[in-house]
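So, here come the structures, one by one.
Both of the next two complexes hold chain A, though its partner changes from chain B to chain C.
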Partner chain A sequence: MIAQLTKSERQLALIILLALTICGLAMAIAGRQDPLGVHGAIVMLAGIAGIFGVIYVYYEPEPDEARLALYYDDPTKVAIILAMIWAVLGMFIGDWVAWQLVFPNLTFDASWSSFGRIRPAHTSAVIFGFGGNALIGTSLYVLQRTSRARLPDQISPWFVLLGYNLFCVLAATGYLMGVTQSKEYAEPEWYADLLLVIVWVVYFIIYLRTLARRKEPHIYVANWYYMAFILVVAILHTVNNLAMPVSFGHAKSYSAFSGVQDAMTQWWYGHNAVAFFLTAGFLGMMYYYLPVRAGRPIYSYRMSIISFWGITFMYMWAGSHHLHYTALPQWVQTLGMTFSVMLLVPSWASAGNALLTLNGAWYKVRDDATLRFMMVAAVFYGLTTFEGSFMAIRSVNSLSHYTDWTVGHVHAGALGWVAMITFGSIYASVPWLWKRERMYSPALVEWHFWLAVAGLFTYVFAMWNSGIIQGLMWRTYNDSGTLSYSFIETVVAMKPYYVARAIGGLLFLAGAVVGSYNIWMTIRTAGQPVDARAADLPVTQPAGVPALQPGE
Partner chain B sequence: MGFLGLHYRLERKTMSLAIGIIIAASIGGLIEIVPLFTIHQTVEDAPDMRVYTPLEIAGRNIYIREGCYACHSQMIRTLRDEVERYGPYSLAVESKYDHPMLWGSKRTGPDIARLGGKYSDEWHVKHLINPRDVVPESVMPPYAYLTRAKVRVDDLGLHLAALRKVGVPYTDEMIANASNDAYGQTSPDTPFAEGVTKRYGEATNVRAFDGQPGEPTEMDALVAYLQILGKLTDAAHKAKTAAAGE
Partner chain C sequence: MEHETTVWFAKSFGLFYLIAMSIGVVVYAYWPKNKTSFDSAAQSILDPSVEDKPYEAKRWQ
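Right after this comes the complex of A and B.
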């Protein structure tokens, strides 16, 4: 794959990797008394490994000009493989932490393996490792197809993909060493945050440059969502991570905000990480892969527009519903609740748009597990957004907050919507990308589907039960007007549900393992490559024929 | 031209679309967050509020490092059962010096906003070494290694200086003596102990939190932090008395 780079791109890659190695060395020296030093060593090793990789192919012949007539899909291929690796790793850690709540000594007497350290490793590995790689991979794929243009160069997509994965590695290894800002879903420390800012700017530039080269007059709806995902995550990430490092030799930093302002900023970030990372990005995925796989056009252009601007505008108000009945001023709580309830309209517009697109193709949903993944995703998107609006109501939130109901809600979204649409999209793209007629084993796709559905339902029902039961127990009074249950009694009552949840997680993980095997075998299987998408080419410009102008 | 016609044109221009997204997404945050910095009533006044000692900061950082906030909230809501279970509801001012705040979002274990002084140091040490020795049904992980690890005190001045940059009123004297004060807070019979009470108040806990005088361990620091939770100011208790008196 590196051999696909031109000579000048190989040189640029070496310069970037050398700069990375020097940064790593500087971090390792400055932070030699601190976990920062370990991260410096990791960065340095990543840089050196990259340099060796490039030098290895440096004198190979340059790729021929014919490549420019093709889409550039190598980064997408690697992103999909990385996404599946992170999925299995992240879900494995997730199931491990789930079992820790049943058997608390599953830490094996080590510091790195306790619940508080590996729980963020689980959330980051699945959200950023699995979800982020899937978003980067699919966005580059969709961007090229819907613009009918090749990516502008071959270095920037690799910079984004590999730089992003370095961020994920720093995040996950950091938590195990105890490096964390403690801001949920924004735990990585200042230097990792800076890396992500640079990666993100390049990511957006790829978008702008490719769209500038597009041969389609209109920007397709999937790209609106991918752009909202990139832009708004940049805003959220930058503001919420403003912090003062102890020194350049310390991993530790102190947040620029404190107390109530910090809480509001954090949940403005936290809720919109859900909105723009886990919703907008994956809606972009859905708006491309679902209609293509179903062979049907999107049901309603108008609903797409309403939904897009509704989500972009209203979600940013909703974060304060995480802080009902707290020391946050009530007017902010009320605004958050109001917008959360209104959000149901744009959310269901998208869910409805997806399901109505399937009209006329329901027989395919029955026969094709890949499309069924996407259909279940749309259903769970609708269910979870309804549940979210419901839980944002103050009086409902007084019961649900701090309980497993929230955990169940998050997983209905993460497993039911995000993972399902991702698996569907990956199963659709893998044969297209590796020029196979179909997946290695359609039967294994069915297995994955049913394992995932079984795991999802087991998990979510367990958490609904435990959350509502615990919330009710906390507020139960006896006849003499005192609280009926001590806290520990409510913990004991959770045990059967914690077992059920861990089993549900295990089923979902098993599905991901089956899927990874199937994807790997599809890539590996020998045989005549079948180019199922012979017409899958960007617009080229034969000599003498003027290029298509926008508006033609 | 209707809305759809406008959009038909907008979605053909990359930069207009990008700017539209940024504007639409910025409004909510601006309206909800900026006033929290400008409206004075957002955070109550508490003249008796003290800052964390260097040892308590070190303990707080261990609390963060271990991810304790994933299971313990530090935010008692304005609900009857919470006030009866945990104590007066939390005020904004109580986390005024918390960079970042640790309000939490999940109670796998109980809220600990008012944990300070509720149990003895011995209880905390035993509980942290193996929670099931004191609460048989507990699902909390064991943290025995905290008793063996010495807490890093040489750089605490840098920590206090960084906190001052983001708004915590540490004095030059506090910053200069940070390492000594961390040592002094666990060594009541040494000359260093005096400086701690001089700088942070007579009510500051000065004792060997883990039962072993001498160089502070991570257990010392964490227990010192847990014993100060809810004790930096009396504002919440005063608010409760005032409300009852009306």
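Right after this comes the complex of A and C.
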């Protein structure tokens, strides 16, 4: 794979890796009294490992010109494998956290395994590790196909992919050592944030350079979503992480914001991370893989444009609904609430567009588990955005906020929408990428689908019940006007739901393990008998049905 | 800038530019002339005659 690089690209790779090693060494020396030193060592080791990898193939013959007539898919392949590794790891940690809430002794009396440290390790591993790698991989795939142009060079995609994964490793290991800036979904400290800024700018440049050479004058809508994802995440990440380190030798930094401004900046970031990382990016995935897998054009291309601009402009203002009943001015809260309710329009336009694309092809959804993953994703996208708009209303929020309902809502989105569309897209693209006729075992795809659906429903129903009971118990007063339940009584009432939630998570994790095995076996085994795997092909059109046009 | 001024600006200018933008987007999406390029874009990802290869005329490097 590294041998695909030309001589000059190998030299450039060595220079970048050498610079990385020196940065790591400097961090390790300056931060030797601090967790920063450990991260310096990790960065340095990553750099050295990369240098060895490049030197190993340095004198191999250069790749021939024929490669330029093909798409450059090696980074996408590696990204998909990394995404599945992060998925299993992140979901395992998540289920462990879930069991800790049932059996608190599962911390095993260590500081690194306490709830407060492994919970962000779970969220970062699944959102950034699994989701981020899947987005990088699929975006490079979709970008090349829709532009009909090869990636501009062979170094920058690797820089983005491997640099991004180094960021994820620094994030996860940092939490276990207690390194955090205490901003939800933006926990990594300043040096990791700087790395991500550089990586992200290069990612955006790859996109622009490839689009500049596209064949079609019109840019396919999936790319709009992917670009909004890249551009806005860069803005959010930079502003929310403005901070002053204690010194260059310390991991600790202090935010540029304080008080309610800090809270508002954080939730402007936090909700737009949901909007642009977990929504726009995955909508990009959906607008490419769902029509292709179903063999039908998107129902309404116009509607996809309108919902694109609706989502990009309205989400920006919704973050303040995380701060109802706080020191934030009332009108700013109301603004966030109003925009959240309005967001239902573009959100349902997207969900409806996806389902209407499938309308008339339900036999394909029935027979093809890969397409079924995408269908469930569209349904849960619609459900979760409805629920989100509803929960943003101040009076609803007074019941739901700080309860497990929020956790249920997030997982309806993360498991039902993000993970489902990702698994569907991965199952669609793995046979294309590795030039296999189909997945190794269509039966295992079915297993994964049903494990994921069972886990998803168990999880969200447990948390919906738990959250509403919790919220109601917190606001129940007795005749003398004091609270009826002590806090610990509400915790005891949660326990059965926590057990159910942990079981749901376990089912979902089991599905991801089955999926990883299936993907691995698809990559490993070439030339299998055709009939055994035939069910995993996209279902073809029955004879006599005319070719489909967009729905208008 | 005073808090009151900021609030006034956000509530007036913010309202009008968002309305203008919404109208602009709808006009763009429903402009009759754009329909052909939208339809061909929707079909472009499904075209079975297209090989899974980059467009030759603009080969990179």
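The rule is short, and it goes like this: the second predicted complex is superposed on the first by the 526 of 552 C-alpha atoms of A that agree within 3 Å, B and C clash if a C-alpha of one lies under 4 Å from a C-alpha of the other, contacts with A are read in each partner's own complex, and residues count from 1 in each chain.
The rule is simple: contacts are C-beta pairs under 8 Å (C-beta built on N, C-alpha and C of every residue); 3 or more make two chains touch, one makes a residue touch a chain.
Remember, it's a predicted structure, so these values are computed and weren't measured experimentally.
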### Query
Can A:G352 be said to touch chain B (first), chain C (second), both, or neither?
neither
### Task
Would you check which partner chain A:R145 touches, where first means chain B only, second means chain C only, and both and neither mean what they say?
second
### Query
Between chain B (first) and chain C (second), which does A:Y288 come into contact with in this model arrangement: first, second, both, or neither?
second
### Message
Quick check for you: in the superposed arrangement, does A:L70 touch first (chain B), second (chain C), both or neither?
### Response
second
### Message
After the superposition on A, what does A:P217 contact: first (chain B), second (chain C), both or neither?
### Response
both
### Query
Now for A:A263: first (chain B), second (chain C), both, or neither, which partner does it touch?
first
### Query
What is the contact status of A:P442 with respect to chain B (first) and chain C (second): first, second, both, or neither?
neither
### Query
Who does A:I298 touch here: chain B (first), chain C (second), both, or neither?
second
#### Entry: Touched chain A residues, chain B compared with chain C
B
### Task
Could you pull out which residues of chain A sit against chain B in one structure and against chain C in the other?
217-218, 301-302, 305, 309, 313, 335, 550
#### Entry: chain A to chain C touching residues, read off their complex
68-71, 144-146, 148-150, 152-153, 213, 215-218, 220-221, 288, 291-292, 295-298, 301-303, 305-306, 309-310, 313, 331, 335, 432, 549-550, 552
### Summary
Given the complex, residues on chain B that touch chain A span 3-4, 7-8, 11-12, 14-15, 17-18, 21-22, 24-29, 31-33, 36-37, 39, 41-43, 61, 64-71, 73, 75, 77-79, 81-82, 84-85, 89-111, 131-132, 135, 137-145, 155, 158-159, 162-163, 165-168
### Query
Once bound in the complex, which stretches of chain A touch chain B?
100-102, 104-105, 107, 109, 111, 114-117, 119-120, 175, 178-184, 208, 211-212, 217-219, 224, 227-228, 231-232, 235, 239, 243-247, 250, 252-266, 268, 276, 301-302, 305, 309, 312-320, 322-329, 332, 335-336, 339, 398, 401-403, 406-407, 474-475, 477, 482-483, 487-488, 491-492, 550
### Query
Any idea which chain C residues touch chain A in the complex?
7, 10-11, 18, 21-22, 25-26, 28-30, 35, 37-46, 50, 52-56, 58-61
